[in-house]
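Each chain gets a letter, A, B, C, D, E and F, in the order it is written, and its residues are counted from 1.
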Amino acid sequence: MSVEELYQSPWNFLGLPEELARPSRARGWLLPIPYESTTSYGAGTREGPAAILSASRQVELYDQEYDCEPATEYGIHTLNPLGLVHRSPEAMVKAVEEAVFGIFSGSPHPEVLAVLGGEHTLSTGVARGLARAMPGERLVSVQVDAHADLRDEYEGSPFSHACAARRILDVCPVFQVGIRNLSIGEAAFCRGSKRVRTVFSEEANDPRGSFLEDLAEFVRNKRVFITIDLDGLDPSIMPAVGTPEPGGISWERLLQVARTVCLHAAQVPVYDVVELAPIPGFRAPDFLAAKLVYKLFSYTLVKRKKRTVSKRRSRHE
Amino acid sequence: MSVEELYQSPWNFLGLPEELARPSRARGWLLPIPYESTTSYGAGTREGPAAILSASRQVELYDQEYDCEPATEYGIHTLNPLGLVHRSPEAMVKAVEEAVFGIFSGSPHPEVLAVLGGEHTLSTGVARGLARAMPGERLVSVQVDAHADLRDEYEGSPFSHACAARRILDVCPVFQVGIRNLSIGEAAFCRGSKRVRTVFSEEANDPRGSFLEDLAEFVRNKRVFITIDLDGLDPSIMPAVGTPEPGGISWERLLQVARTVCLHAAQVPVYDVVELAPIPGFRAPDFLAAKLVYKLFSYTLVKRKKRTVSKRRSRHE
Amino acid sequence: MSVEELYQSPWNFLGLPEELARPSRARGWLLPIPYESTTSYGAGTREGPAAILSASRQVELYDQEYDCEPATEYGIHTLNPLGLVHRSPEAMVKAVEEAVFGIFSGSPHPEVLAVLGGEHTLSTGVARGLARAMPGERLVSVQVDAHADLRDEYEGSPFSHACAARRILDVCPVFQVGIRNLSIGEAAFCRGSKRVRTVFSEEANDPRGSFLEDLAEFVRNKRVFITIDLDGLDPSIMPAVGTPEPGGISWERLLQVARTVCLHAAQVPVYDVVELAPIPGFRAPDFLAAKLVYKLFSYTLVKRKKRTVSKRRSRHE
Amino acid sequence: MSVEELYQSPWNFLGLPEELARPSRARGWLLPIPYESTTSYGAGTREGPAAILSASRQVELYDQEYDCEPATEYGIHTLNPLGLVHRSPEAMVKAVEEAVFGIFSGSPHPEVLAVLGGEHTLSTGVARGLARAMPGERLVSVQVDAHADLRDEYEGSPFSHACAARRILDVCPVFQVGIRNLSIGEAAFCRGSKRVRTVFSEEANDPRGSFLEDLAEFVRNKRVFITIDLDGLDPSIMPAVGTPEPGGISWERLLQVARTVCLHAAQVPVYDVVELAPIPGFRAPDFLAAKLVYKLFSYTLVKRKKRTVSKRRSRHE
Amino acid sequence: MSVEELYQSPWNFLGLPEELARPSRARGWLLPIPYESTTSYGAGTREGPAAILSASRQVELYDQEYDCEPATEYGIHTLNPLGLVHRSPEAMVKAVEEAVFGIFSGSPHPEVLAVLGGEHTLSTGVARGLARAMPGERLVSVQVDAHADLRDEYEGSPFSHACAARRILDVCPVFQVGIRNLSIGEAAFCRGSKRVRTVFSEEANDPRGSFLEDLAEFVRNKRVFITIDLDGLDPSIMPAVGTPEPGGISWERLLQVARTVCLHAAQVPVYDVVELAPIPGFRAPDFLAAKLVYKLFSYTLVKRKKRTVSKRRSRHE
Amino acid sequence: MSVEELYQSPWNFLGLPEELARPSRARGWLLPIPYESTTSYGAGTREGPAAILSASRQVELYDQEYDCEPATEYGIHTLNPLGLVHRSPEAMVKAVEEAVFGIFSGSPHPEVLAVLGGEHTLSTGVARGLARAMPGERLVSVQVDAHADLRDEYEGSPFSHACAARRILDVCPVFQVGIRNLSIGEAAFCRGSKRVRTVFSEEANDPRGSFLEDLAEFVRNKRVFITIDLDGLDPSIMPAVGTPEPGGISWERLLQVARTVCLHAAQVPVYDVVELAPIPGFRAPDFLAAKLVYKLFSYTLVKRKKRTVSKRRSRHE
């Protein structure tokens, strides 16, 4: 055993060896943003990114769906966490926008960027940065969430976590899945807006999954930003969120949504996974989130293979 | 912004504004009873009411099932917690009986009273108080529970939490749903008694839900006291109970049971939700319980609308 | 009340009275092995046996499936925990082998031995001890697990928890259920080995459960060692494991697997339940594990009755 | 027992009866501000006020130091929590300023206002509101803290929790006690500024307590705003803070500081107790904080009696 | 290694080998009473006895103070936990009385009985049982506690945990150490009663410890029942109690109190250690309690040696 | 703000910028060894290194004792964690030895190496590696610990955590501070061996600290390996250890010990800080450990300055 082999892998997503984690080699990049500022209940999303990174070191590289170790093919570079800006949520959103724009404008730059939250507020910055880096008409967003997040302002801020989808709508249309908590005003807004399509949890949980066809249509030939608020999942498997709502979607359904998007979209340059608020001593949610982030890297970066595989699964995907 | 608008809503269920929470205005009242005395394992139900109240402040007032904010229509008054009596469980049961009788005999009084436990023992007092306040033949009880609670005495007391259903049976017939833990004596009692109908968890979880027809029949034109021991739910969504038994019913099935009762009963003047033993740092169960209490207020107080809605759902309801 | 009746039952599995827990009377014995040494993440399996014993005292003796209190018929003797050997995992495996061999070679000896882990490493010792005590060709093993555990060496040891199934394979063929995490090398091994049959979680979760027929065939007329790594279950009901993987099997499916084995096998002299890492303040997993251990005692010791019952349930069992 | 006596006391600080808690009767008012926004590590101060209120209900009204139940003499009114403003920390500071100014300008108004945090940022608003409500030269502030909090900006905001004392210095001189964590820039600022006097933890812990004389001089005939960041206490008794620093002051020393200030100051119209981040399942810190808040009400509202008592204690006070 | 040596020691206090734990051999007996019924806040004392037993297995048998393994000299028998009676607190007190009387009246019987709580209510039963078993004038009690527990009734019961000392006073005089929480009525009772001597925490913490001389006088030539409510200790080392009050006594002072009593008393036939409410995941308090119980066995059972040792320590003991 | 400034500091001890953390620049290196294998009770030391690194990012670089930011002068390089070897504790000890030897034999190499545990077993490897890398007669070890750790074998292994000091004694003499838990055999060994000097906790806590002179003598002109088992500290400030023993030393005394050693020794090339078992949700111990590691770097690498400072403090140092 050489001296190097005495040591464990470095601190990065999946604990990849340095050569797979260099920016110049890695096709997927990961940006942790441990930002939490506007949450009203159930603090802790600032600990989310660190918990996902820590859990990811136990995720097996091998993926049965692909029968290989996808990460060793595409490589993943883990950026240092984004610095916090506490002047205002708007200032933080701006910092995220700058970072995302800077990442895609720089060289080398990733094919796919995954962002780890932190609270949902940061997704606004992600959408803005992406729209600036890749201008044009084709951008749409797919949101998995328990909450519509369509308020125009909340607790005095238009950049509250409760306004995340509304601010993304300023940038592009949104397809929402798993919603089961919204205000009367948001319900009215849903009905009135042509830019948002809301699949409530009852429909999202229907075993037939007919909404997946609509979703495929929505993303077809588009550039898609996927934003996953983990509270879209059912609390039985994802209790580590601020306001866990009963009636959420399952792990399997979430993967179906992700596969459907990645199959039919022209490109998925960015996705984020937000609102993990780790529960001390309770690791299952951190582990699930880490596995989800890895799955999404593979769905977005190993598109062709997946298509073959998933054809055998479901007509809608 | 006026000075008043600087402040949050007061400390009450759902954080309603004062005008909706006054006894004279509110059609629903809420009585917390943080009583725990005879539990043998897994303490903490005395923290249940406070946890439900705290979580309720994050529950969205808007309810998709009704497409409105039902609580702003009926109003909810939150009583101070009932004082504890530790002379004996029987004395506490008597205090609960007095309180419930007093509430319904007083003026103003609620249309529907929700009681938050605390241990299941207190349900005996609720049943007795209700029977005294509204005498007659029509009272029946519907119990959701993992345990039959049909012992005649347990650990030296006929008022143990393990005797809750047996003591309610002294007052009226009982329909039990979700049972999966009982003693050999209780099993014999079930078979022998005509006043109790026990739907074991296997039947309760059957997707077809045929027992819902029996349930509808049981409550038809009756005055119903619903008593929900949260351990009737599956531990995957409700781990915060003293003895969490695998194999419980789902959130959706529990709502079906509640809707069925409220549709077919003549009146549901009281329900209780008991045995929440909050797990420090783990909020999902508290949140689910708060949402359940709100749902039950709506099912019992906004009956007509619901009927319309639910017809579209299921033949049995 | 006599003086004796003043006291609770002694400290043993299910809190059985002394007369049912004596080695000479009890047909089922329980051996706790609080061993944990090679775990890399999520420590705590050394607390597993004590947590299961503690929770078991709240498990109701009556079992609806049998309509009796099975434990009062067969009796259960709880051994003192096995002493730990920290010279090396191999030395501990040897100690376990000696203990299991000693238990079956001694007099009195149990019909069925349940072993409580501790980490999965100890199952190797169980298999070896059993093979020595009951030599012959008929031994096979059924493993429920999230991980294939088929590595030949891990972190420098061929006796790591990650090699458990590979070491059991040295002794007898293995049928694996619920696998959803394996390395590329293990995947290749699965395909290449005739001695291992791997039912991945997707197949294991299929509602039709067709793999149960293969399982019945695999165990028919064999002597079976059942080894249950609790992470085979879904994290929604079993989060208290080191690396909780989403997509596991349900409580009901696990019982089906156990019933199928016990119906068709010639004999199930030993089973183990391993890798419970209790989460402080969170009891549901401990309780589920305790109930599982009791169910398995009944399935293995009250075979005939169960056959009758389960025929009514499922064709495959 | 009358019907009223059946119920517990209402939800307010100490669980006082309504007549002692009315604004018109109560000489002390309590304002909870569950604000947390700029914290970088160890979230949870937004849960602080609710935890203090909950624990206060177990605090005994009787105080040996006064040999009476002081709260029944002066009364305490608990305000609803201040609404959160998440437009920016500055906007929240402004809201706090408005609230404090409004409280002292209104009628009735308290003699002493206690503010419960929440993060230290809010103290800036308290100081500003107080200075506006009671203009003049006499205002000074006494800060107990582990951190100097003298940065002019932190993470992009001049209103970060790490700038709390610097922003108070904009309003009035500050006397700091217990400091043991500061940056090189803050250390230079301490040396250079005449408006701040810093008692580092080593001096603060000296058994002779000679700094108490300086403190008495500092506050003599002044109007004092006391701001207590609970991390000034030693982590052995106050672990429930974001960054617990070893080497803090004791409970007894903290009371000495408070008594000294209240004895020698002309007036102490406001104090705050901030940065409690409750640890799930660990109540001792919540309880200590509740007791501290009560003690401070008594020290500020029952001044004469205390003087007599404390003379017997220590020359410095 | 023989087969027996493969196993760990049995489940009893300190994990003693069977021969030291037999009733006929052991001079010290241990009675766990996991009773909790009248607690209002901070549940969990029913878990106390099990936590102490579990932690005791890690306590080293060797004691430096004696330079030997005292337990191997006197032996300790661990009884099964006392059964719970939930008819009323009074009925439980009666059961405890019967148990204690039965233990001392039986044969064999212990020289010293240690009782593990559970809530303080049970101490009344201990005192009554002891007085019945050993009648005469010489019985006195020494209480370590944060609370005076001198109420005549609390929450409707004269047997509440808050009345523990008052009920013991019905049996014998009481010397209280560490008190820092009492009601105005209790304060008046203290001043008026000749049967109770209260050492408040300020005096109890005085480094000179002059109250130890009074204590020595109080117990001289008496038969003493020591009752230790663990909240008498400071929360920094004993946070695992229902209402942790700052300002408690230290571990060293508690041992001084115990040594003083055991040196000067004629006999200490019983002591209890109550009110441990284990905090999930936090073992230090359980460990301290286990060590305390062991120390007290040695102080009471190895009296002579200790006298020699402690003479070298302190004049007061 | 440049793009780089958008990001937080990298993942290393103290979150130092890359240029201070490069091996060629840094005079101090840090080696995490998350090894845990032979622990019998209170698992979790494998999480210790990650918790210390995480907490260190909140430690202020400025140190009042030096009035500068010492780390920016000497720099610290954080190595990847050492790989685990689970063949046997002896094999892991060998791996540690190889790593330590390799680090000091390589180029660049550190002036001071800090090792983070993990269990105490690894200290044997550290001592061996150091002795090989710097042969000669001058090596001695100073151990802070609650346990003597002088057993020659424990649970079948001479490399158990309970044998750590005995194995270090095979390499060099040992000075132990804070011991308060040992077996009768270890007590005899202490008395009989000239190579070990044991300062029991009573002496270690004596305010006069006279043992510090002996300690100064012991290390004078020696090469010293400091090994700190965190359970040497009092549980009030360090509850996060496997077996927390009441009566430990204070934070201030621990710093005095460290300063004394560093002042009088010729060289302190290695120290380790072991046995932190983080308590979920409870950060104070992690933070203390991180601060301790930083303090020790400064004491060992900024020797001269410290000497000046500490002269003003204590004659013994």
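By definition in this document, contacts are C-beta pairs under 8 Å (C-beta built on N, C-alpha and C of every residue); 3 or more make two chains touch, one makes a residue touch a chain.
Being a predicted model, the structure only gives us computed values, none of them experimental.
Comparing mean CA positions across the assembly, the chain most remote from subunit D is C.
Comparing the chain pairs D-F and B-E, the larger number of C-beta pairs in contact belongs to B-E.
At the subunit A-subunit B interface, residue numbers used by both copies make up under half of all numbers present, so the two copies contact each other through mostly different positions.
Subunit B and subunit D, compared by their mean Cα positions, are separated by 41 Å. Between the CA-based centres of subunit E and subunit F the separation comes to 38 Å, rounded to the whole angstrom. Listed for subunit D are residues 40-41, 83-84, 234, 236, 280-282, each touching two or more other chains. Across the interface of their complex, subunit A is touched by residues 3, 5-11, 50, 54, 79-84, 95, 98-99, 102, 106, 280-282 of subunit F.
Every residue of subunit A that touches subunit D in the complex is listed here, in rising order: 36-41, 43-47, 83-91, 154-157, 159-160, 280.
For subunit B in complex with subunit A, the residues that touch the partner chain are 57-58, 60-62, 64, 67-69, 234, 236-237, 251-252, 281-284, 287-288, 291. On the side of subunit E, the complex with subunit D involves touching residues 40-42, 180-184, 186-187, 200, 234-237, 239, 243-247, 279-282.
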